[in-house]
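Mind having a look at this structure? Questions to follow.
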Amino acid sequence: MADPNPPQTFALGSPRVLVAGATGFAGALAAHLLWRHPGFELAGVTGRSEVGRRLDELYPRYRVPLEIQRLDLDGLAIDRDTGGRLAAAVVAYPHAAAAQTVGALRELDVRVVDLSADFRLSSLATYEQWYGPHPRPDLLDQAAYGLSELHRAQIAQAGIVANPGCYPTAAVLGLAPLARAGLIADVVIDAKQGISGAGRTFDETTHLSMAGENILAYNVASHRHTPEIEEQLGLLGAGMPVQFQAHLVPLDQGELASCYVTPTRTVAAAELDELYEAAYASEPFVEVVDTPPGTREVRETNFCRVFAAADGHTGKVVVLSAIDNLWKGTSSQAVQNLNLMFGLPETEGLA
Amino acid sequence: MADPNPPQTFALGSPRVLVAGATGFAGALAAHLLWRHPGFELAGVTGRSEVGRRLDELYPRYRVPLEIQRLDLDGLAIDRDTGGRLAAAVVAYPHAAAAQTVGALRELDVRVVDLSADFRLSSLATYEQWYGPHPRPDLLDQAAYGLSELHRAQIAQAGIVANPGCYPTAAVLGLAPLARAGLIADVVIDAKQGISGAGRTFDETTHLSMAGENILAYNVASHRHTPEIEEQLGLLGAGMPVQFQAHLVPLDQGELASCYVTPTRTVAAAELDELYEAAYASEPFVEVVDTPPGTREVRETNFCRVFAAADGHTGKVVVLSAIDNLWKGTSSQAVQNLNLMFGLPETEGLA
Amino acid sequence: MADPNPPQTFALGSPRVLVAGATGFAGALAAHLLWRHPGFELAGVTGRSEVGRRLDELYPRYRVPLEIQRLDLDGLAIDRDTGGRLAAAVVAYPHAAAAQTVGALRELDVRVVDLSADFRLSSLATYEQWYGPHPRPDLLDQAAYGLSELHRAQIAQAGIVANPGCYPTAAVLGLAPLARAGLIADVVIDAKQGISGAGRTFDETTHLSMAGENILAYNVASHRHTPEIEEQLGLLGAGMPVQFQAHLVPLDQGELASCYVTPTRTVAAAELDELYEAAYASEPFVEVVDTPPGTREVRETNFCRVFAAADGHTGKVVVLSAIDNLWKGTSSQAVQNLNLMFGLPETEGLA
Amino acid sequence: MADPNPPQTFALGSPRVLVAGATGFAGALAAHLLWRHPGFELAGVTGRSEVGRRLDELYPRYRVPLEIQRLDLDGLAIDRDTGGRLAAAVVAYPHAAAAQTVGALRELDVRVVDLSADFRLSSLATYEQWYGPHPRPDLLDQAAYGLSELHRAQIAQAGIVANPGCYPTAAVLGLAPLARAGLIADVVIDAKQGISGAGRTFDETTHLSMAGENILAYNVASHRHTPEIEEQLGLLGAGMPVQFQAHLVPLDQGELASCYVTPTRTVAAAELDELYEAAYASEPFVEVVDTPPGTREVRETNFCRVFAAADGHTGKVVVLSAIDNLWKGTSSQAVQNLNLMFGLPETEGLA
């Protein structure tokens, strides 16, 4: 009888990938996706806590039957020299904690998808303005920004792929066609996200009896995803300060970015449609839809659904962009980037 | 032994108030609030369906042990002439259906708080642009707009009080201090609301297995609360098209309006604080808070919590305004208005 | 203009009541109910953490504008001797931690409603079997079991009222009529409760992304509410081991005890109806209903709704008992007990 | 670039399967599972409403891009005669409505997995006692009961597979080892289920503002899954009336059956462990676990997790059985049965 939960199967010679920081929501999901991925071998899962427990005890649904280990850089060095080389790692550490580990892995010639913010901003000055001193500025020139749809070529070559924040993923995919066309004079981005966005954090923001039946704005006028959005829009030709506001709403996984664009000139509905269709016609994971997308439509997928409408009354353009914050917003996009980095079909393991 | 659910007690000679349309969420809550109100007698509850059932079967928590009746205008006429006059009615009918009933009640000299949109817009032209032909334009000059904090004097005298929409309540209370000070050059309002906002409607938008785990924008660039907000801001000196967008999120009761104001000039944090403190210092139901208000803080209350912050990075002003959509957004504001109409303390029955 | 959130008002000379441990869900709600209670003065709120913060920061909806203080037994002693005597305290501490504080308060002649399990079991042997050594067995004879409906006379006189566990409250109220009639040969109690039952605990059981979309049995065959139920049913004449099982389900407040009774003889539907009607006809807070009660019907009330049905197919009797675990299950029952202890109408402050 | 949502791919010559009644939750999920199944070709989806709409409009997450059609029995007859024969159908109709369609399909030599109750009871007398006259008693002898783990051989040969109710699936899998061992003298089954169990029904039981924050027992002492459980336990040697009670709790998908067994003799923990391990060691979809299983652990899987404990205090045995009511409880079990019927690996398409 077939086993519904077989040992990981992958092609012989598949790149070996480690997940460092697999006890958090993002790392655990990355491990799950890599475990069932036909093109990668999940080489191990590490954690800074819960060492010795199996990952499927912590996350039964993900069904990864591996023991959580401490990250052993010396062991990785020996492996490299004795033929069991690690090809890549997904690093799911908090900001600032990540950079040193990313550096150590790079010295072992391991390619890294970093889920933290440490390498997302190409401008060191901007980084230091929002985060303080950078732990490893010397590595910045190895990093590509991992919004797969916008930076495929750099991602394919990069030593470090800085996986985007979930809000920038939704917002920039929603706004890129307008930015590229030079149509954004000003923009307000109001984003809403489920409680999984707070991660495996145990406090007032995640307790069901406190987060339930609540709608809460946070980090008003100070969210660190702001410069990330600004830098990416700037690269597309829309350099300007962006008004970005995040909210927590009582669901598990899901994120909607509602974007209100003051255009540089009047934009007709038909032009808008053409612009978005053209931008995403060949993208496997971005779907332009003609009714407002609910986040439920993309739950537990790598899809981003984008809707754009011209408001004749105000002259503004409304763009709605829906993703699953843990999937396309974090871990499945990490896998999409690994596919790009290792020359696999971009959708492998994500369909 | 005392009865925890005693017959309604109210002062002798209290105005008698009917709730027409008590089977919906808004009407039922209005009946609940009036039943326990020491200054009004709940004269009856009517419905267009469920006639003969008791209201506390439909809404056990509200504990109003009255039978739902058909609205009997002839009977009300006899009552008027024989001493049992109805002083007021809360009409909780859908738009367009309300106006004729409001008219009939006015002919019996009954004062009305109308929960529909039929008398919210003073401009007939604007009404007809958004809603089509008005059923009773002749009654418009009897109507006051029932945002209690802004129109006390007119409400006190009015034959018809048009209870505001829930979104305009949150948005206009949030923006009024800036509007009055001439500080709004442009504004985007992104509002989120719980599923009770859809009312006792049984469809895809309210089914727990469809509305749950979802965030959904609706009525993009076409929500009928837009002209209502515009008219009220205009009266305060901020006439302009308003970008308003509504969303449903998976909770029961609660509403947050996130407002992004492009100011007419730079506004410093201290000035903003003073402006809001001054505007609401003597208001019993508006609280200016210094951290972002979660809707849970005001659940099942008539309070509105307002937070304002200047964003030094963008130059914009962010205003967050939280209410319970069914309470301050609808039914408890109706009671607040009845208090004003009948010279009772404004907070009576609402503390 | 009236203030919707006025300073606490109570009759002059009202008993002064302290809430010790007001930072948890149970203590905070008790403080809320006492603050608005016309017959008690809330003398203060204490906590073992959060000292110096105001309770309405932690629990905005409860609107108790008092600062959390450390419990100052010396100060209470001085107050006693100088005229400002504390009449009573609600102690909301964890098990074992409570008993010493209860003892210290008793030495100051303060009457106590203890929300912990320390004084719920009259049998010391049973206590020690389930909880280990008792910290203050000498106080046991001062304690009455605070299931208000069953022990009014003792509660009225007691120095210590041991407020029941939420599960025993629902289960025993549901089963008491059958127990008294000698009709219970065997019983299985399957109880379900919202996440607030876990209290202000921050872990896997309360995180919305873990507790949400989950149904979880806990403490299988070992829940400490079992002996409490057994002792109470035994006092009513139904002494036997009870199969009790608790579950967490994803809501905030609400609890349903589903009880499956193997009767000592066949019980007809009509007899069952009469038995329950007779048992609770004069009870202000227990309602016998003729359709299965949803917990939503009693949310944020002190009511218990009980439904009983004879199953002709199996011969068993099914009893459903619904309460709000934080209200009748904990804090509002504490107030009901305080009413009894101080000779106030039992429903005062709870309607 | 690879398409993440490619046309259905399946082996040439794969059996063609129709889903009749694909607009409901169960049919839609069956269509989803068959669409991505490598061993079947999804021949079409039919509905009694929504004809002409695409299934992925109604259920975006399921991503089945087929148009809903009316069931065309004449067309199926022509197909049969011209080489495009339908091999099987999943019929997702309400009870009583299903039998006639199942009959018509059988006349076309189409094998059927019927999701209704029409063929679940082998005893016509029992059926008629609980459901009324049977529409097609002549077909009963073609039917196998589709609890895959218990009736593999019959399912493999059957013309009609009566897919079990979700409650019997959880309960019987939980109790089978005890039943077979002759250890059940009496049993109480208390089951809890998410709102998806009510299906695509729009009423008070599914409205988020009514079903949310609620725990509700339904069909007290009268649930039609009772005889189904009794018949299956009887076949295993445990014939007796079963006390079964169903509850709705506020989540989407998930079901827990808590079973309280009075054993025929004392059962030790070690014996219990051995019994369950032996029973399910070689089952791909039943997992015996050593901590109480949360339904979240099996969400969107075909797994059933079973936990059994001996209660030394009462002498009873507590069994907890967790499934996803829409998956193993309905649609994925239908696919598991199709795999058995067509000689495919039992786990195909379900891993």
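The letters A, B, C and D name the chains in turn, as written, and every chain counts its residues from 1.
As a working rule, a residue touches a chain if its C-beta (ideal position, glycine included) is under 8 Å from a C-beta of that chain, and two chains touch if they have at least 3 such contacts.
No experiment lies behind these values; they were computed from the predicted model shown.
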Task: Selected pair, greater C-beta contact count between A-D and C-D - done: C-D
Task: Chain centre separation (chain C, chain D; CA means) in Å - done: 41
Open item on the list: I'd like to verify one number: the distance from the centre of chain A to the centre of chain D, where each centre is the average of its C-alpha atoms, in whole angstrom.
Closed with: 37
TODO: Return the residues of chain B touching two or more other chains; collapse runs of consecutive numbers into ranges.
DONE: 194, 212-213, 250-253, 294, 296, 299
- [ ] Draw the chains as points, connect those that touch, then say whether the picture is a line, ring, star, complete or other.
- [x] complete
Open item on the list: So in the complex, the part of chain A that touches chain D is made up of which residues?
Closed with: 1-6, 60-61, 213, 282, 284-285, 294, 296-303, 345-348, 350-351
Task: For the chain B and chain D complex, residues of the former touching the latter - done: 25, 194-196, 200, 202-204, 206-209, 211-213, 250-253
Open item on the list: Per the contact definition, I'd like the list of chain D residues that touch chain C in the complex.
Closed with: 186, 188, 190, 192, 194, 210, 212-218, 220-221, 226, 241-243, 245, 247, 249-256, 258, 260, 262, 292, 294-296, 299, 307, 309-316, 318, 320, 322
